[in-house]
Each structure stands twice: as C-alpha cells, then as structure tokens.
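Beneath this line is the structure, given in structure tokens, with notes to follow.
To keep things simple, chains are lettered A, B, C and D as they appear, and every chain counts its residues starting from 1.
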Amino acid sequence: MTDNYDECIELMTRRGISLEDCAECTYFLQAKYIKGLTMADCVRAVDEVMHDRDIQNAVIIALELDVLAEKGTIESKYIKEAMMKDDGLFGVDELIGLGMAFNYGPVALTSFGYIDKIKPGRIGELNSKKDSVCNTFADDVIGAIASCAASRLAHA
Amino acid sequence: MTDNYDECIELMTRRGISLEDCAECTYFLQAKYIKGLTMADCVRAVDEVMHDRDIQNAVIIALELDVLAEKGTIESKYIKEAMMKDDGLFGVDELIGLGMAFNYGPVALTSFGYIDKIKPGRIGELNSKKDSVCNTFADDVIGAIASCAASRLAHA
Amino acid sequence: MTDNYDECIELMTRRGISLEDCAECTYFLQAKYIKGLTMADCVRAVDEVMHDRDIQNAVIIALELDVLAEKGTIESKYIKEAMMKDDGLFGVDELIGLGMAFNYGPVALTSFGYIDKIKPGRIGELNSKKDSVCNTFADDVIGAIASCAASRLAHA
Amino acid sequence: MTDNYDECIELMTRRGISLEDCAECTYFLQAKYIKGLTMADCVRAVDEVMHDRDIQNAVIIALELDVLAEKGTIESKYIKEAMMKDDGLFGVDELIGLGMAFNYGPVALTSFGYIDKIKPGRIGELNSKKDSVCNTFADDVIGAIASCAASRLAHA
C-alpha cells in the first residue's frame, strides 16, 4: 500500500485544515500536563500521526464525505440534510473520529471526547460555517488528529 | 430525527442485501450457543437492530460509499482503487463495522471479528464480485448487523 | 445469568457513590442540549443503565479493584502504587470506563472523554482523596454510568 | 512511569503463558496473508508488543484478577463464580482484551474477535482447565497480545 501522506495533506489544505490547526488543539490538550511543551513539539507529533496509513485512509474518506455532501452527490436526502446541518445525533462523524483515536489508546480517546465538546481553535471556526459548506467530518478529523498527537506526547 | 428504517432497507435491497442474508449470519454465529434457535428468531433480532438510528446512519453512509466508488465519484484516486479491490489494509470499512458493533457490547464485537475472517453466506458471495462492482462496505455492513443481532439474542 | 443490580448498588454505596452522584453528572452533560431536563429524568436514566448486566459486571470488577488496592491484596508492587496515586498513564481504569461507554454509542463515548477531563461533582471529590483511599476506578465508574445515561436521554 | 516488561513476563510465565504461546496464535492469524512468515518473525512482533506500557498494565491487571479469583479474594460471590467458570456473558475479560487490541487498529480488533471464537493453541488448552484454576482473563490476554502482534506484522 502506498503512503498517501501528500494526498492527505493536500486534501486537508483544500478543506482549510493545516497541521498547525491540529497542533494548536494538541497544545490545548497537553500544555497543562507537559512542562515546557512547545508548539513545535505539537506540530512534530501531528506530523508523525499523519504518516500513519490508517489515519490517512480515515481522513481522506471523512473529508471526501464533506465534499460529496456539498456537491449534493450523496443520494440519501436524509443523510445529505443531516450532514449539511451537522445534526448532533448523526454519529457517523464521531464514529470515524473515535476509530482514529482508538489506535492511539485511552489518552487519545478521552482527549477526543473532551475536544468534541469544547471545540477549541479551528474546530470552533469550522463549526460556525456558512450554509453551503459542510464541515461535519472536518471538525472530527482535526479533533482526532490532535488527540492522537496528544497521546504520542503523553507517552513520549 | 426521523426514523430511516424504510430508506435503509430500500438501499440494502438495491445493494443485494436482505434481512434474511443478515439473519443467516446471525444463525451461523449463535446456533451453537442457543438451543432451539430458529431463523425466525434471527430475522426478528435483525429487524430490531435495523430500527436503531445509529445503525441506520452507519449503514446508509457505508452503502453510499460503495455506490460512489462504483460511479467513480470519489475524487481520491487511491481510495477509489483501494475500495474497488477491497484492499485488506484499507481499514475504514472495518472501522465503520466495528463502530456499529461497539453499540452492542463485547459479544457483537468478537462476533464481528470472527465473521470478518470466516465470511459465511452472503458475505462470501459479495466478496467474490465482478470488477465493476464495489462491495467493500457491503460485507462489513452485513457482518455488523448480524453481529449486533447475535448479541441481542445472547442477552435475551 | 442473575441480575446483580442489588449487589452493584450496595457496592457503589459502600464506595461512596450514589445514583444521585451519577445523575448529577448526567445533568451536567445534557442540561444544555435537552430543554426542561430534570434531575428526576437523570436519576431514572441512570437507574435504567444500572439494570444492564454488562454495566453491572464492569462496575463490580472496577470497584473491587479499588478495594483490593487499598487492602494491599494486589501483588504487583507497580500496579498497586500506580492505583494508589491514580497515575494518569495507568490507563486500565479509562479502558474499563470506555468499555462501558462503548455499549451506549458515540454520545456516551465523547461524554465520557469530556467528563474524564472536567471531573464535575462527585468525580472531583473522589479525586481529591486521602492517601490511604483508592478511587482510581471509582471516578471512571461514575463518569461512565453518567455518560451512558446521557446517551439514553439524548436518544429518547 | 517505569517499564514493567520484566514483571509482566514473569507474571505471564507463572500463569503458564510464554511469548511462544502468543507467537503461535499470531502465526495462526497471519500465515495465510504473509508469504514466508516464520515463527521467529512472530516472536519478535510479540516481544515488541510486550514493550508497550498500555499492554503491560492491562496484562498485569488481567492476570492478577485470575489469581485473585483462585484465591477467593474477590468479594463479590457472583463475580467469583462467573470467573471460576468463565461465564460466556461475563464480558469484562473480552472488554480488557478488546481494549488492548484497540490500540493496534482494525486488524488487531477483528483478529481478536476471530481468535476468541476459534481458540487455537494454548488458548484452547487454558480453556479446558481444572475446576480450581481460573483462566478467565488469561485466554483473552494471549488472544489480545497475539492479535496486536498480527497487526504489527500486517502493517510492517
């Protein structure tokens, strides 16, 4: 299987998500636990997570689903509507985010749950989006990447 | 949130999956543990699972992804190819299947893992598909529904 | 398998955990989402969760582990010490809490992660404990029960 | 946090579990997928898994619970009985096994489910135990370690 790091980063960029956005959330999660933690540490941890193929696959699928919802390509009228308004009970977005976090242990899982409620930094911005834009999966993608990186730092 | 039972069943039917297909796998999983288990019991348990909204959402998203891969609508060349040949390391399909099984406890989770390797009944048929057809998510959908129903029967 | 509701409630009581303690956390989690939510609703949801056998088993095992750590019965010097000081990287407590939350879907999982960081109500009190007391599993038990009840209310 | 590799291996040895026992199950899981796989590869993968602290903690807790059940130290009459006869609906053993497998992604999770049903090698032997012996957690420990190692090999 090829490494899809480049494709993944490109798709994230197109959807308005940078490694720094993720790293800020990682910093938010870990600064109180790790003395002297820097943003550079967080960016490095995020970058390592992005080299994980399971993460890459989940990110690409998740962000493509947002694109497809915007384009109206998803057939199910119900799912399309649920995604366009980020319905709190839709659940598949959290499920993919949690699936990413699973691979990085309990610290990643509880961090993901925390960030999903608090919505710090770029996650909050993506949530207050225009009506024609779908970020249903995008915010969970940032939250999951940030949480996985937080777990790497916690265990370092 | 509206109940999407009907939409879900219709989409499953269009993708060649019946409640009986799922129930057969449930029977395969539970017959050795439950004395006197009938196919009717299994169909009933499967039908109950299909009324769960978390399951409905996951099933619709999963089967739509197969449709989108067949149509070539998914942009990522890599993901499209991985889905068309059901690449064993793709992982997002198992992740959604496991996400469905989570909600039904350890019996559902271990059953899903078992069925994912053995591929009984309709799952095996869906796996030996033509090149133009994508059943990457379809087989995990059957496996997950069957496993959730198996867990319901185990705890009844 | 017998229902262990009574045994479970008794053990919780002995460890200083009431249904109301759990219900307060559930209220904390759901009050902002459900208009007119009452503490009585939360207590009822918590009580329903306590009738789930998978929950009962996990609660009993978890709280017994705290008791055994206090008594010094656990052989492993390392685990005993990690439990007595609730070492943040110990992880088995969160793992059992997450395992309980799994059964109640994504809302329960993200709620558990949130509450694990915020530590509202009784959870915070259990965390600021005396040196001779072990509440390593107790706080995750409350968090998990509260999160499962929150998920029941969200889907009601 | 100190590395508990040595303590973990010693406890496993005392409970009749060797790295080779785990490696045999890993071989059973992966031989059909990886051409030229050797037992030495599997032992190496198992050994790497054993250096993971989350795994060590879960293994120590799990095996101690078996010891405590045998000694009769667990207070709950119900849990003691459920553990001594490895009651199929007890669930906490699978939950800890699944928690270990989570950290190693979907391949580990589905492998754990598969092995939990098939019970190859040492797992089957541990299951047909004498009445005074408790291996409720031991078999899930082997299955989980083997599945995590299988996932490492699959992604190598």
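To be clear about the criterion, a contact is a pair of C-beta atoms (placed from the backbone, for glycine too) under 8 Å apart; a residue touches a chain by one contact, two chains touch by 3 or more.
The structure displayed is predicted, hence computed values, not measured ones.
Novice: Go through B-D and A-D and name the pair with more C-beta contacts between its chains.
Specialist: Between A-D and B-D, contacts are more numerous in B-D.
Novice: Using only Cα atoms to place each chain's centre, name the chain farthest from chain D.
Specialist: Most remote chain from chain D, centroid-wise, comes out as A.
Novice: Rounded to the nearest whole Å, what is the centre-to-centre distance of chain A and chain B, using the mean of the C-alpha atoms as each centre?
Specialist: Taking the mean C-alpha position of each chain, the two centres sit 25 Å apart.
Novice: Quick one: chain B and chain D, Cα centre-to-centre, how many Å?
Specialist: Taking the average C-alpha coordinate of chain B and of chain D, the gap between them is 27 Å.
Novice: CA centre of chain A versus CA centre of chain D: separation in Å?
Specialist: Each chain's C-alpha centroid was found; their separation is 32 Å.
Novice: For chain C, write out the residues touching at least two other chains, lowest number first.
Specialist: Answer for chain C, listing residues that touch two or more other chains: 53-54, 89, 91, 95, 98-99, 105-106, 155.
Novice: List the residues on chain C that touch chain D in their complex, please.
Specialist: Of all residues in chain C, those touching chain D are 1-2, 4, 7, 11, 53-54, 57-58, 60-61, 64-65, 67-68, 73-76, 78-79, 82, 87, 89-92, 95-96, 98-99.
Novice: Applying the document's contact rule, which stretches of chain B touch chain C when the two form their complex?
Specialist: 53-54, 99, 102-106, 155
Novice: Okay, in this complex, where on chain D does chain B touch?
Specialist: Where chain D meets chain B, its residues are 33, 88-89, 91, 94-95, 98, 105-107, 109-114, 116-118, 154-155.
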